[in-house]
Amino acid sequence: MEFLVNIRIQWPADGDPEKYARIAEEERALAGKLAEAGHLIRMWRVPGRRENWGLWRAESPSELHEILSRLPVWPWMDITVHPLGWHPVDPAPEHSRPQVTLPH
Amino acid sequence: MEFLVNIRIQWPADGDPEKYARIAEEERALAGKLAEAGHLIRMWRVPGRRENWGLWRAESPSELHEILSRLPVWPWMDITVHPLGWHPVDPAPEHSRPQVTLPH
Amino acid sequence: MEFLVNIRIQWPADGDPEKYARIAEEERALAGKLAEAGHLIRMWRVPGRRENWGLWRAESPSELHEILSRLPVWPWMDITVHPLGWHPVDPAPEHSRPQVTLPH
Amino acid sequence: MEFLVNIRIQWPADGDPEKYARIAEEERALAGKLAEAGHLIRMWRVPGRRENWGLWRAESPSELHEILSRLPVWPWMDITVHPLGWHPVDPAPEHSRPQVTLPH
Amino acid sequence: MEFLVNIRIQWPADGDPEKYARIAEEERALAGKLAEAGHLIRMWRVPGRRENWGLWRAESPSELHEILSRLPVWPWMDITVHPLGWHPVDPAPEHSRPQVTLPH
Amino acid sequence: MEFLVNIRIQWPADGDPEKYARIAEEERALAGKLAEAGHLIRMWRVPGRRENWGLWRAESPSELHEILSRLPVWPWMDITVHPLGWHPVDPAPEHSRPQVTLPH
Amino acid sequence: MEFLVNIRIQWPADGDPEKYARIAEEERALAGKLAEAGHLIRMWRVPGRRENWGLWRAESPSELHEILSRLPVWPWMDITVHPLGWHPVDPAPEHSRPQVTLPH
Amino acid sequence: MEFLVNIRIQWPADGDPEKYARIAEEERALAGKLAEAGHLIRMWRVPGRRENWGLWRAESPSELHEILSRLPVWPWMDITVHPLGWHPVDPAPEHSRPQVTLPH
Amino acid sequence: MEFLVNIRIQWPADGDPEKYARIAEEERALAGKLAEAGHLIRMWRVPGRRENWGLWRAESPSELHEILSRLPVWPWMDITVHPLGWHPVDPAPEHSRPQVTLPH
Amino acid sequence: MEFLVNIRIQWPADGDPEKYARIAEEERALAGKLAEAGHLIRMWRVPGRRENWGLWRAESPSELHEILSRLPVWPWMDITVHPLGWHPVDPAPEHSRPQVTLPH
């Protein structure tokens, strides 16, 4: 299941730069593992901001939460998760159109 | 997978009341089938408004879209889907806490 | 009477993690009692956020406030209460449609 | 149970003035009955707007919805219901502070 | 002149509880006097929040400001004042409909 | 009593220009009388928009509503009334600071 | 050139009251000079708030900024400047309608 | 005096395309004259939208309004005017920093 | 250059379904060509809505606008374009980190 | 490629004025170099606010981010980047209209 995730980092302007550098390094190491595990597919910077858009994969919203809440920057993150569905013109769909059967 | 769904009906004030009554009747018939199929769990009225909150179940956001877009009132609906995750104090959780394993 | 309640936890990023763990433990203990007493019906995580949606029951908005303001995390909560009404297609309604009689 | 209700009338600028006058007359007649029945307690105009604030009483949000959706101007109304709770400094409280007892 | 007043208390989560208790006690004492003087008519809790709706009376917006800015909790209050006007269906109007005469 | 009033004209882009010209002419005539009667003090255009800011005087919000709802363009107006109070540095105050006396 | 200026003072609730009193005194002294110089025309309190609406005059937005940024309370101000234009029904216009000539 | 102007065109989806083409042609002709007269300095498309950002020059907000309200697409425009002031790091300032002198 | 694009379709509830089917068919045909040309990379449905998120590629915002404004559903679209930048943890970056050299 | 950039400085009211003066001086020095390098084209003050609008040039959103994140005031900036496209009536366009060719 794919999710579009917007993350805003709210690091205080007067925060300790060394601490931030250390956390950011841990973040990148974990991001590499998340990419390897197939959870983090793409990530882009919102230009001019400590904010990113990411394309993520997880079994469920619950699993996505488990993943995001382990990120080292998690306590400073303001996250919005956009669930995504199948679209007929997607050039690279994750799965085919779901079939729904209802009782008569 | 559970979803909290907010639906606002935007039926024009000068719309044909007979047409609305007919569509609403079809809506209730389909809602009964969706409840029987385990998709519609609960539905509440937002007091004073043509708006409701519903608790829905589907395999995925894609399946939920297939279901919602079949509703007879669909063309007049403004829908917001809130994905829901597992919470440690939920008295009646749909599933247990997901386990995440990452590469070393 | 049922209420849909959205709770955002505003715990500071640099808050004491031990204090938070202790408060969270108290919160879960109280949540268990609230569930047992029939006040807390369901609770879901908003994925990616320290935020939840809950389905609560109370005699009145006043009683609901008494309950919510006793929660150990209350000072850090930003709460929005959505009152809920009877809906004709609810599969599991709490009560039947109210009857209104007006003077002639 | 008391509710603070905000109602915005969305009558089209080029709507039929005679029709509006007729509906408004019916509205006032019904409002008189609702006041007599103890449902409508106070109503104020938002100055400069076709909008009002009202103090209403009903057994529940469900009953309030039944009442509001009978108003002749209902199809043109955009309504927001604010639930109200007991406050310790209210000079004329509707009821006393609710008592909550939880299991040990 | 009546005013609908919304007050949000922005007391910090880590504020001194004894100080708050002392200020709240002063607040209630003053509220009693304001009710006796005919300024505070009704007050309701917004359930789940440190927020209230109040119905106030004053000679003018200026006088209302003098009153509100004397409240002990004033420095922590975020206040919105809604002016109220005469409405034809108000069951208990404060005054009759004003007459306006314009030059010919 | 002075009020700051924001008025947005919502005249449809394809509305009849002759009708608008006729209504606008009536509006200006009435505005002249309102100025003469001391109700309309100043009016400014919001540049680039069919919107204005005005400084108005009336005995009360109720009287202001009576005045504004007589304007020929009233059905196409979206009005926001800002109540104004006495300020200590106003170079031309309408009245002096109100005195408030409370019971002991 | 006239400007409608909204100023919100964001003085912290736990700020030093003596410091605020001293700054406010300086503010009033400067406001008197600005009125004398023809820059500050009117000022009103937003009732219930540390916020004001003001009618200001300056040669340009640039000059207005020079003036506002000298105010002693400037570091705590959240200011919104609304530019104002000539309106045909203004009873006391600052200047006449501008004439625009375009090349053929 | 420079202004940053945002213009959104609200042409109905089912509007007459020939009429729009004719109005757009007139718009471009007038834009050429406005550029020649030094009023329109730059204009950019907001990608994906019938919306633009423009850098305009006029003697005053009043003159700017006279210019904008002559545009052929004016009845379908939703315009926001942002006044601009002198900035110390502007590489190509329109004028130098204004000097303000106040009475002693 | 990659862009995250949100598109909301504003097709009227009472619009001609045959016309919509015809336009949607054209849309899918063009989408196939845009995918083949490397402009449309991914597209997802916002569940419950006539709205999608898409990942697009173009040489510039200008080219993206040329592409989007050719879509058959363009007149009914409300589009928001989010520019995207290089991010250090993107598993599949479009290009490497840009180097910036400034004069000494 | 041109960008319209809005920057709000969030310097705390009780921040060290000497530190701010030092950072501001560095900011102006860098701004001069950015102008010389052709990145900063214009900059304007939002009157009454620590906020500016700027016209910037960069090869891409990624390069723009590299530039903006080097600004000395960066940690206190809340930045919004508006991408800009070619417009047919721009008097001084950066480039000509892009041509798009699609497969048959």
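Residue numbering begins at 1 within each chain, and the chains themselves are lettered A, B, C, D, E, F, G, H, I and J in the order written.
By definition in this document, a residue touches a chain if its C-beta (ideal position, glycine included) is under 8 Å from a C-beta of that chain, and two chains touch if they have at least 3 such contacts.
Just so we're clear, the structure is a prediction, and the values are computed from it rather than from any experiment.
Considering the contact criterion stated above, the chains in touch with subunit B and with subunit I alike are A. In terms of C-beta pairs in contact, the better-connected of the chain pairs A-I and E-G is A-I. Centre to centre, using the average C-alpha position, subunit C and subunit I are separated by 39 Å. Subunit C and subunit D have Cα centroids separated by 25 Å. Distance between chain centres (mean CA atoms), subunit C to subunit E: 28 Å.
In terms of their C-alpha centroids, the spacing between subunit A and subunit D amounts to 44 Å. Each of the following residues of subunit C touches two or more other chains: 45-47, 61-62, 64-65, 81, 83-86. Contacts between chains form some other arrangement here, matching none of path, ring, star or all-to-all. Of all possible chain pairings, those that touch are A-B, A-C, A-I, A-J, B-C, B-D, B-I, C-D, C-E, D-E, D-F, E-F, E-G, F-G, F-H, G-H, G-J, H-I, H-J, I-J. On the subunit F side of its complex with subunit H, the touching residues are 13-14, 45-49. Listed in rising order, the residues of subunit B touching subunit C in the complex are 2, 4, 27-28, 31-32, 35, 40-47, 52-53, 55, 82-92. The part of subunit B that touches subunit I in the complex is made up of residues 3, 5, 10, 61-62, 64-65, 68-69, 75-81. Put simply, subunit B touches subunit A in their complex at residues 1, 30, 33-34, 36-37, 59-67, 70, 81, 83-86, 95, 97-103.
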